[in-house]
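There's a structure below that I have some questions on.
Chain IDs A, B, C and D follow the sequence of writing; residue 1 opens each chain.
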Amino acid sequence: MIVRPARCIALAGSAVLVLGVLAGCSKPGSSNTASTGSSTGPIKIAVVDAQSGQDSSLGQWEYDGAKLAVSQWNAKGGIDGRQIQLTVFDDKADPTTGTDIASKLASEGFVAMIGTAESGVTAAMEPTLEAAKIPNITSGQSPALTKSGDPYVFLNGPTSVTYDSTLAAYLTGTLHDTKIAMITNNGAYGAGEQSSFLAQLTADGLKPTSNQVVTTTQTDFSSALTAIKQSNPQVVFIGSEEVEAGLIVKQARSLGITVPFAGGAPQGTPVFIDTAGTANVEGTIVSSPYLSNDTSAASKAFAAAYQGAYGSAAELHGAKAYDGTEILLTALKTSGLATGLKLADAIRATQYDGLLGDFRYDKTGVGIFKTSIGIVKNGSLVAVG
Amino acid sequence: MQVFLQTIVGGLNLGAVYALVALGFALVYRTMGLVNFAHADVLMIGAYIAATFTVSQHLPFAVAVLASIVITGVIGLFIERFLRPLEGRDFDLMLIGTIGFGIVLESVATLIWGATGEAVPSPVQTRPLVVFGASVPTYDLVVMGVAVVAMLALSLFLERTRRGVAMQAVAMDYDAAKAVGINVGRSNAIAFAIGAGLAALAGALVGPELYVSPTMGGSIGIDGFAAAILGGFGSIPGAVVGALAVGLLNSFSADYFQGYADLATFVLFAVIVMIKPTGLFGEKTVLRA
Amino acid sequence: MSTAVAAPPHTRQLRVEDLSVRYGGVRAVESVSFSIAPGEALGIIGANGAGKTSTLRALMGLVPRAAGTVRYGERNLTKASAHTMVRHGIGYVPEGRHVFSGLSVEKNLLLGGYSRGWRKANQEALDGVYARFPVLAEMAGRPAGALSGGQQQMLAIGRALMPKPSLVLLDEPSMGLSPKLVEEILDILTGLRAAGLSLLLVEQNAELAFGATGRCLVMENGRVVMEGDVARLRADDRVQRSYLGL
Amino acid sequence: MNPTLNPLLRRYRAPAGYLLLAVLAYLLPYQLGSYDMHVLDTAFVFGILAIGLGIVMGIAGQINLAQITLMGVGAYTTAVLTTQENYGFWVAAILAVLASGLVGLIIGVPALRVQSHYLGIVTLGLSLAFTDWVTTSTLAGSGSGISGIPVPPLGGIDLSDDYLYYYLELVVFVLSLAFGLFVVRTRLGRRMRAMRDDPLAAGSGGARIPVLRMTAFLLAGLYGGVAGVLYAGLIRFVAPETFSTADMFLLLAMVVIGGRQSLWGCVIGALALSVVQDELTDLSTYAQLGYGIVVVITAVVAPTGLAGLPGRIRPLIRRQREQPALAPFQPYPATAAARETATGRELLRLDAVTMRFKGLTALREVSLSVGAGEIRGIVGPNGSGKTTLFNVISGLYQASQGTVSFADRHVHNLRPYRLSDLGLSRTFQNLRLFRELTVREHVMVGLDRTRPGWAWRYAIWPVGVWRAERRLGAQADELLDRYGLAGFAKATPYALPYGIQRRVELARAMAGEPRLLLLDEPAAGLNATEKAQLVEIVRSIRDHGTTVIIIEHDMGLVMSLCGKVTVLAAGQVIAEGAPADVAANPSVIEAYLGRAAAPRQTDAAEPAPSKTKEPTV
């Protein structure tokens, strides 16, 4: 057989044209936008959190909390007779991975998403989730998340402004501390803490005695801590994740800083306490919406169930995710398994008295505006007064 | 003044840790010509083994450290067999091959110990010494002491013992080493095992200062490698001096530049390497490099 | 000259048969056979690139032997790897010296006796080498790389003598040395023969080979083209022609 | 099959293949779900980034562990300019690409001083410095990154749609790959590959090593910039974590698994690993484990990656084809001008050149004068300093004392490439060929006499580059014919018999039509026939007007070829003159055969060994 190359090319060219026409000259993808939420089969909900890397303990707690809520609902027969299927995705605390996962959720028909624990990752995912109309109950606490006007984003806890204003009010108002030093890291969480706590101090007419910034990879804090020591504060505000904060406190004690530290959610976690050493964190002042497992009957029940399921003690992040999941499932039930904007509206309308407090969502997606002050005693967090 | 002194103390302590890491890099390079980017992950394995012994088995810290050194050293023998084809290869392949192996070790650690990591309590609980107003934590002194002892022991081993001198000979002249009867393969395996043992020592010692997790190797490894390069790659005293320099560089840039500490450190490092490419003590060249 | 390094008289004969070496597709050595009687000195001479060094390296096992057998005394060493040769009593002085340049002279010598142990096991041999080469004793602490060419050559020979071999393979010990030093090398080799060692000397410098050995092979293009007594070869102007291309 | 059909098929096979690829690429989105589309879009960004890494690392041999940072610079610049300075997307994009190019140059500066693992750690450090900067600086949005990057406007096409964005990426990707391949396969890339394989030989052939290294980093920066812009337009969010060391190692793995020395390999590696990585995202730990193992195995077993596999498998399955024979050399036409130059005017002069290494003296007051049109032999026993002499003349070493002049110029401080420009060319004792270049490319490297400024044409007038390339190719074919190498044009030299490798090196050295040719043991390893051919070739070269200095051990060859011979022993000139006279000189005979034939001298000096190694760069 003799094939003339010219004809070959012509053939291929016309093939392209024909195929293009066959494809309807329409843009691809328009025909197969995944419908969010089919009407049969399990209800698909995603948990997106770091399951590997430095922040994986957060991710594990959140997944456990969400899983607990889902299994309790499923045990009671699910919603409208349909089981809830929870799938976990590892975002590696990386925003790019987050955006990939957001697209994946959109194309695979997930109705809602729980997580992430990193405000940065959530912010990266937001546009995609908004476009796909997937409500997202995040554990992030950055005030920036509330400012986008995105109707699909909800926080399962207070923003860092709440954490820090409560803390500042306690330090300056209750304890009458005026000499407050600050040490924060330059990461997303630390930078957010620094600006909101500093804003509170400024509002109270105070200046920090020393305002130290460290990097997220730093392991020696001698110079920052010595500067803080020399500024002779009554308390040191710390804005950093569990492990680094633990190392900071540990080194501070060995440098002879004896005053208490004060901080937000990370400072109430077992990882922080273990890393620093129980003796070193004694007296640490923590602003948290969930101080301990025995503040209420609900929290006792939650803690018991958590202990039973995972063999470890529950803490704030698990509780947050549990609350968020409960709110989501309640909204799904009340809305009759709605999806998209309807589901978001249902979440917004849900009034839920949970482990962290009473959720009443405003239009920015924040449902809780209160934290409590606790103090670390003998390695666990105890409510004040 | 106090900040200055304390910064020095902090820098020296960091430096002591980096020294232990850099010694391992230097030893493996000097005796085998292998640039082992998995070294920091071997360190992580060592740290985990020591942490497991202290936290779960409640063994005394010193015993746990020794056990970790021995076990990691034996693991090192296996790793060397795996990496043997990379010895003396071009740098790209060593780089990617050993990085790949590091990823393997990280995932294995995650499978065994989980991703979340473990805090190791400090084994020494006495109050810090105060020198000219600067506090020197006792554990820091332990680490520095061990680093010095390790450097001396390693120098003695390489300079005075039959096996140590033979290892150097292998790196200097492969064929001549064979001709005098040195089993080159075995010599390299032992060199790597010692390097792994050193990594384990470093890992076990930094465990209580840091937090043991599968990804802990990353930044320690980069700083330790930078230290080895700065001192003159392959030089034993160079590794220690380079490590102290990198430690001080780190802590002083943290002092002056705060959030921009890494930026300052690495730009300065780049400038130093360009001015003095063979490091402070000069590269101990191996033939193949 | 002291004979402290002399090995006890030995009775082993080296027999090499049909030895070939290939690098990629190139045949560097083609089916070379020879034998060395106990206490005999054999020379291999020839112009550069004739395959002399490859023959020696293949004998040592430093390059793969493509074919052939190597026997030393009772032992078949055809498959022996390089690092075991020294245990069979074979010392090797590589082309271009190849001393461990970053290590001190003394450590170089001790490494020569590596197979026997370290300082204690080698002290006697070390004293013997120092007696033979007093200059090495003077330089004992200096890095080998800082030695002059002649001194490095002595070091390389001394290193090969440390394990008290019965056969020494020398690859171009005269390379890059002044005539006066070549003379010294000749004296050294004569001394080794007198001590009862077997020698295999690869040399470009034919006069050195003629002076140090009793019998020589002449190689050209990977093959042995002539073989005979030194006296006969010395008179044969084909040798000179082979060198000078006349 | 009809054998006459083969050439036709072969000719159109490649275009047809490309066409098929184009059709598939066009239709692909119609088969994919929206998530797969997003994954593919991300994969293309990495594909473009991988081309940049392929060029700098695979082609130019420069370790760059900051490639991901270059993408970060592009993405961050776009983000900052659009969100904070209110620039339009495309204006920001252009500035971003330029910024990345500039940062590429900055990151490349250390490559002028250090290589290999030193360069690795320095670039890695600079990459961490960048991460630190964007994490801390409020301009770059601090730790929380920058969101709200606008959708790139494109004449009413909604690029927020992953499907349509794919087509934009496809176009950019194809252009990037095409330009990359164009660079790699034309003279700039050829010189880079030559530099990678042997910087010394490339430098001696006229390549400006520092300029080439910087150019490679510039290209890496530009590619990083393009990838960064596309990333910014696709994800519309940037954060420090995205440009992390872990991602850098992933990129490195893509390039190594794909095959770093082939841009196609880099691209395929990047696309494949991006997609596979994503498929396995639910099995994170096991995926990591598998990925680590694959990387190790690739490094150990298949160092050339996927792209190298066909080349390794082909010889196994294909029957050993008849090796074409080395064709006879076709003598140069002897020109009148050449005869003119052969009047014996002095071309090269060395005055009392001494070369010392750490206390060892390799050359001692060597003086030498070579006239135009000569064939000068340099002989002497092993280690007498002959190669050191060549290294001094060709600029690899700088003499400790004494002066070298070439064509009436003092040249003893000039770099090898400057000497090459002046018309000096050489071969090497141990054959310094470029491992991965074909025979034809060797000759083309030799023919390429362009200066670095020429490279601007790649940006401004690629058609001109293409035309010049065709002319160069024609010249190369002519030269291959002349040296009888036409049958081996596409072979890599290390697979060829030794004699042919020698011929290749000679052709490369002669390609630039030098005034002076230094041959270092050109007959070593040649058989008698090949030696005879060599004599013929060297004579023709001289008749063509090139002066030749030859180091050779084969005295027969020297005798028949050289008009004059200089004898070196222990770093000193001991005799000079006509071959026959020199061969009869007692001190020469002594130097060669030993001293018995000559009277003893009382030579107290102790010349050092001068078995010098080639310096390494």
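The working rule: a contact is a pair of C-beta atoms (placed from the backbone, for glycine too) under 8 Å apart; a residue touches a chain by one contact, two chains touch by 3 or more.
In UniProt terms, the chains line up like this: A = ABC transporter substrate-binding protein; B = Branched-chain amino acid ABC transporter permease; C = ABC transporter ATP-binding protein; D = Branched-chain amino acid ABC transporter ATP-binding protein/permease.
It should be emphasised that the depicted structure is a prediction, and the values quoted were computed from it without experimental measurement.
Peer 1: Across the interfaces A-D and C-D, which one involves more C-beta pairs in contact?
Peer 2: Taking the two pairs in turn, the one with more contacts turns out to be A-D.
Peer 1: Quick check: how many Å separate the C-alpha centres of chain A and chain D?
Peer 2: A distance of 50 Å separates the two centres.
Peer 1: Rounded to the nearest whole Å, what is the centre-to-centre distance of chain C and chain D, using the mean of the C-alpha atoms as each centre?
Peer 2: Result: the chain centres lie 41 Å from each other.
Peer 1: Indicate the whole-number Å distance between the mean C-alpha point of chain B and the mean C-alpha point of chain D.
Peer 2: That pair's centroid distance is 35 Å.
Peer 1: Going through chain C residue by residue, note those that touch at least 2 other chains and give them in order.
Peer 2: As it turns out, chain C has no residue touching two or more other chains.
Peer 1: If I count partner chains per residue in chain B, which residues reach a count of at least 2?
Peer 2: Counting only residues that touch two or more other chains, chain B contributes 110, 115, 259, 261-262.
Peer 1: Provide the list of chain A residues touching at least two other chains, using ranges where the numbers run on.
Peer 2: Within chain A, the residues that touch at least two other chains are 51-52, 186, 213, 215.
Peer 1: What are the touching chain pairs in this one?
Peer 2: Contact pairs between chains: A-B, A-D, B-C, B-D, C-D.
Peer 1: Spell out the residues on chain C that touch chain D in their complex, using ranges where they run on.
Peer 2: Touch list, chain C to chain D: 24-26, 47-49, 96-97, 145-146, 148-150, 152-153, 172, 174-183, 204-211, 221, 240, 243-246.
Peer 1: In their complex, what parts of chain B are in touch with chain C?
Peer 2: Those in contact with chain C are residues 161-162, 165-166, 168-169, 172-173, 175-184, 284.
Peer 1: Touching chain A in the complex: which residues of chain B?
Peer 2: 2-3, 6-7, 9-11, 13-14, 110, 115-117, 119, 121-122, 128, 130, 134-135, 137, 139-140, 209-211, 213-215, 219, 247, 250-252, 254-255, 258-259, 261-262
Peer 1: Name, in rising order, each residue of chain C that touches chain B in their complex.
Peer 2: Touching chain B from chain C are residues 60-62, 81-87, 92, 94, 98-103, 107, 110-112, 114-115, 117-118, 159, 162-163.
Peer 1: List the residues on chain D that touch chain B in their complex, please.
Peer 2: Touch list, chain D to chain B: 57, 63, 109-110, 112-114, 116-118, 120-122, 124-126, 128-133, 135-136, 245, 249, 252-253, 256, 260, 285-286, 288-289, 291-296, 298-300, 303.
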